[in-house]
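Think of it as A, B, C and D in the order they're written, each chain with its own count starting at 1.
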Amino acid sequence: MADDSSPDRAGTLSPPPDAADLELYRSMLLARRMAEKTRQLWTDGGVHGPGHLSDGHEAISVGVAACLREGDATIGTYRGHAHALARGADPEAVLRELLGREGGVCDAKGGSMHITSVEHGYFGSYAIVGAHLPIACGLAWAQRLKGEGNVTVCFFGDGATNIGAFHEAVNLAAVWQLPLIFCCENNLYMEYTPITAVTPVRHPAADRASAYGLDRVVVDGNDVEAVRDVIAERVQRARKGDGPSIVEAMTYRLRGHSLADPAAYRPEAEVQEWARKEPVGRYRTVLSERDVPAEELDGVEREVSELVDEVAERALAAPSPQGETAMTDVWADGGSAWRS
Amino acid sequence: MAELTGRDAIRAALEQEMARDERVVLLGEDVAPGGVFKTTPGLVDRFGAERVWDTPISEQAIVGSAMGAAMGGLRPVAEIMFADFYATCWDLVANEIAKTRYMTGGQVRLPLVVRGSNGGGGLGFGAQHSQSAESWAMCVPGLKIACPSTPSDFKGLLAGAIREEDPVLVFEHKGLYGRTGEVPDGDHVVALGESHTLREGSDVTLVGLAFTVGICEAAADQLADEGISAEVIDLRTLVPLDVAAVLRSVATTNRLVIVEEGPGQLGWSASLAAIVSDEGFDDLDAPVLRVCGASVPLPAAGVLEEEVNPNAQRVIAAVRRMS
Amino acid sequence: MAELTGRDAIRAALEQEMARDERVVLLGEDVAPGGVFKTTPGLVDRFGAERVWDTPISEQAIVGSAMGAAMGGLRPVAEIMFADFYATCWDLVANEIAKTRYMTGGQVRLPLVVRGSNGGGGLGFGAQHSQSAESWAMCVPGLKIACPSTPSDFKGLLAGAIREEDPVLVFEHKGLYGRTGEVPDGDHVVALGESHTLREGSDVTLVGLAFTVGICEAAADQLADEGISAEVIDLRTLVPLDVAAVLRSVATTNRLVIVEEGPGQLGWSASLAAIVSDEGFDDLDAPVLRVCGASVPLPAAGVLEEEVNPNAQRVIAAVRRMS
Amino acid sequence: MADDSSPDRAGTLSPPPDAADLELYRSMLLARRMAEKTRQLWTDGGVHGPGHLSDGHEAISVGVAACLREGDATIGTYRGHAHALARGADPEAVLRELLGREGGVCDAKGGSMHITSVEHGYFGSYAIVGAHLPIACGLAWAQRLKGEGNVTVCFFGDGATNIGAFHEAVNLAAVWQLPLIFCCENNLYMEYTPITAVTPVRHPAADRASAYGLDRVVVDGNDVEAVRDVIAERVQRARKGDGPSIVEAMTYRLRGHSLADPAAYRPEAEVQEWARKEPVGRYRTVLSERDVPAEELDGVEREVSELVDEVAERALAAPSPQGETAMTDVWADGGSAWRS
């Protein structure tokens, strides 16, 4: 990893290498357990409205977060819970948001598709495909003007590579040499349609990089260390003023596009194949092979599961927001008056 | 007559029109696998992949292609999954589709339909997936606008839109996809521009559109219990707007409440209210009142969404304010 | 006081604010060479290329970058050359900029301005370069909207917009870029939300915005010759909308004519008319009348553009209709 | 030229080769003289509103039109007069449109930026950069469904390659294998800004082709025969169902972006260099070298100049449209009623 990439604030002070590995594992597990809990809360009827989970994608958000420091920004999509958590967002505030309770991270106004935690550098989840890529340009522009060497990482799906905003944003970032990494989570599908059916190149992000004078970078998005290493290099370049990158990380959703989607359109063999490659269990195997004792790994798992159970319980016990909340925070003065 | 859901009624209209006229073609995201709101299942099997195109996530390309295809002699029906996403292709809709016939001195016709889900309906879709975009369209001359409220109209107005020689946007309220109702069998077509008076009344006229028609009916039911007789009009289309029917009604009831789901700041109810306040001035015993959504983005939590949406209680309160 | 054109007043506001606050940055197409309407000449020389960015033709990237930059602590001013082009980036404006503060529970502020040319003004720009897009914006809660009518306000309202903590769209009527007027020297800032009563009158209130303020004044002059005393109010901003001032005026004059350049089908005048017809019901001796553009795309030829635009004669005709 | 490419209907029945050459020359001259006339009418105050001429670009519209047949479609930008004329639009109706007179090709409602002549296969001039590229996809889709082997050619500027609609359209055309040729007229500038200042690749269209699985094609856009030959090959492929192409034709405006633009931002040496390469005089030299007698060339020039003078005179004598025209043709029924 690059010298100037310190671990995310969710981590602890300069941990020894194996502790950092365990931290990657813990962080992926947190995302996984939170997704599982969310699915359960939805099945139970507590989570209302649409929800998009990213079980299967965890290595990407966690691998990226491991390269970032305070002052760096991330920004993502409706499939954004893991991204918020990886930067250190409070799991309880996230669950309260999903459940529509007081103390939700967005005051219960955003919901599942808009999880945001600006204090942790996660500038939000945007639910209209592609829109946040131009926004990411602006975040990176501000960072560049401040001159502190901070960077922005922008997550998006394979499907987003075909919308106009993608093209405008990557082009602008390249022209302006912004400190910005575009990180495509290619999970092979837009909603129900395989991305290859609607894209004339094999790698919808990486194969477009040359159109903006950028390198072609593809990484195994289910290998957390591979993601971390590739992103670390790109972050280092960006910090030095060497401009933006596109990284395409190959991954797969373990489940449907949204909570309501049984994902019947995917061939069973493909699903099975990717289940074998899923990042959390796979990384456990890696760590075991590095002689991390099973008890230690079990301990992390237990700890994370307990944490998620606890915060879910507290979130479920939280009250609904006051009705008046609906009329606040349109404007910076806290209100919503539009006429006198 | 069959009892259908809104979504099945849409499918029925598409099937009816595609069978009738081979120039009718569909395009949109995930339309071949049946669409995320399950409005197009099986159509690709019946009509083939050349007439039911799955597109990339490229709303500009979708509606732009629809326009070009219409210029080339087809009668495309494009799907925009959520009406909020019109914002990603508004240039094609508002600047090209709406204006090209006029700008070219009538050299082209644009018989095309763009349809998609609209509004909130308490489903928790939040600020970016729940807007009432029909008013955006009404700001732009050159677009016809249909907003059905019943399964029968989901079928009939969509078929009517497909048979129009002009571009029509059909806004399907997502809270109505699952509601059932009687739908005429066989060729069922409703011409654009005729409102529907659901019930007659003498004390007040309630005007609704799409989801708010049900709110008007619920309010009328409760008002009836209080001895107030409300006439309920379903506008059905905003362009053409059946102002005449509303004025006729107000000539009898002398009172008008318009119920719009979108934000009160600006929306179609303002136009109707302004027109009736002027042209119906002598008939009105009370100001025209509007019950609208609050002028905020739509919040996600159920209790908050309820807080900002119009409902029957607010309509009743408005009626009481008038007497 | 200096006599400035509208375009020079804009430049003066930008220079004033960029000198005052180094977080103020500009971006847009051809802004460094001075802009196609010559509103930004020389700014790149004074403030440097890092603060005056020339962009590709990428409206989504322009306004999206403005939003991101605001989230990152800058105070960007983006130029959209013609307001019609908002359609190419409407998603960023209507779905992101307008909603993100609310959707995130107030986690972000978005102090940004998007400015650009609006309206027709008899310049022959035709259907795709002459729209009155301020009404599109008013359909979407979360955007402040300023529409200056004088060089003084071109400077003051733009400076006021830049100092706002919320996103503001400034619509500069292209027919006013070349008109001259007195502009205060030094720090000149007009707060958003306060209308301006240009002249007092007792018989009728005329309300205009941007270009139509001049139409109201011309009409008031002619009406004065006929012995009719017209009060003229320049709304200046649509959000916040100074309804109170209009209601106060109508309480005296008992008559209101609103003059909007955009198509009458739906636009801001409908909202104001609906509100005043309701809240001013008891004060009104006649229906609120709207004089609006025709509900057609704007034609190119001068004689045709005149045909569809509001003008003083139509305002006078409306006033006569009232008495 | 490909066997199945017959000359445009503006030409005559299968002319012998040198007659075809003269026809290219005549067609370019017509565009040039019309541009000059338009500039004069604008200076005289007769043309109202904005106007964008394409003196310098003529080889592109003419070279393309030479490959097309009835049933083929073209579509272009506000800089569209030459494109309309090359397909056979009536010069007088074009000038009437520019002057805002009765009998204008768009009934005086479109003006300079929207010249359209559907009867000649020119589906219009679109004034919002990029918008017509998706529209072109639809024209080509309709052609493909009709199965008559017709094609669409879509013209756009270098500046248009950075807007989202470009990306969406080229991608869709590639996925759908549409019979569509995207023809970029790269004149090195958007309005006042050099395209290289806002684009991270040298050839803004051609260097993006690979992002859509297409070939990289650049042609000298001031060489009418080169344009014709390259386009003819691409048209032939499209007719056979082999899908879309992007062609980038290098050219230069002889004058400003619009009638009102003195174009002071362009270096004098660059202007001079390109003046030497301008396509009309250059092609006259080519024809002279092929031993076409000077008198014949002079004859064509005189004929075209006289034609343009005559139609201008008639156009100037035409009346303004009736006011009511403003209220017609919003709808297919001829009217504009939006309420009852």
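A few notes on this one:
Note that contacts are C-beta pairs under 8 Å (C-beta built on N, C-alpha and C of every residue); 3 or more make two chains touch, one makes a residue touch a chain.
Computed from a predicted model, the values in this text were never measured in an experiment.
A count of C-beta contacts for the chain pairs B-D and A-B puts B-D on top.
Set against the C-alpha centre of subunit C, every other chain centre is closer than that of A. A separation of 30 Å divides the Cα centre of subunit B from that of subunit C. Put simply, the C-alpha centre of subunit A and that of subunit D have 46 angstrom between them.
Annotation: 40 Å between the Cα-based centres of subunit B and subunit D.
Chain centres here are Cα means. That of subunit A falls 36 Å from that of subunit B.
With touch defined as above, residues shared between interfaces to two or more other chains in subunit D number as follows: 104, 106, 108-110, 114, 126, 128, 131, 162-165, 168, 171, 175, 197-199, 330, 336, 338.
Taken residue by residue, subunit B touches two or more other chains at 55-56, 58-60, 84-85, 87-88, 91, 95, 102-103, 126-128, 141-142, 239, 265, 294-297, 299-300, whereas all remaining positions touch fewer. Across the complex, subunit C meets subunit B through its residues 84-88, 90-91, 93-95, 98-99, 102-103, 126-128, 135-136, 138-142, 239, 262-263, 265-271, 273-274, 277-279, 281, 286-290, 294-297, 299-300. Here subunit B touches subunit A in the complex through residues 29-30, 32-33, 36, 54-60, 84-85, 87-88, 123-129, 265, 294-297, 299-308, going by the rule given at the top. For subunit C in complex with subunit A, the residues that touch the partner chain are 25, 50, 53, 55-56, 58-74, 76, 91-92, 95-96, 100-109, 111, 141-142, 164-166, 193, 239-245, 275.
The residues of subunit A lying in touch with subunit C in their complex are 73, 75, 104-110, 114, 116-119, 123-124, 126, 128, 131-143, 145-146, 164-165, 168-169, 171-172, 175-176, 328-334, 336-340.
Listing the residues of subunit D that touch subunit A in their complex gives 162-168, 171, 174-175, 197-201, 207-208, 210-214.
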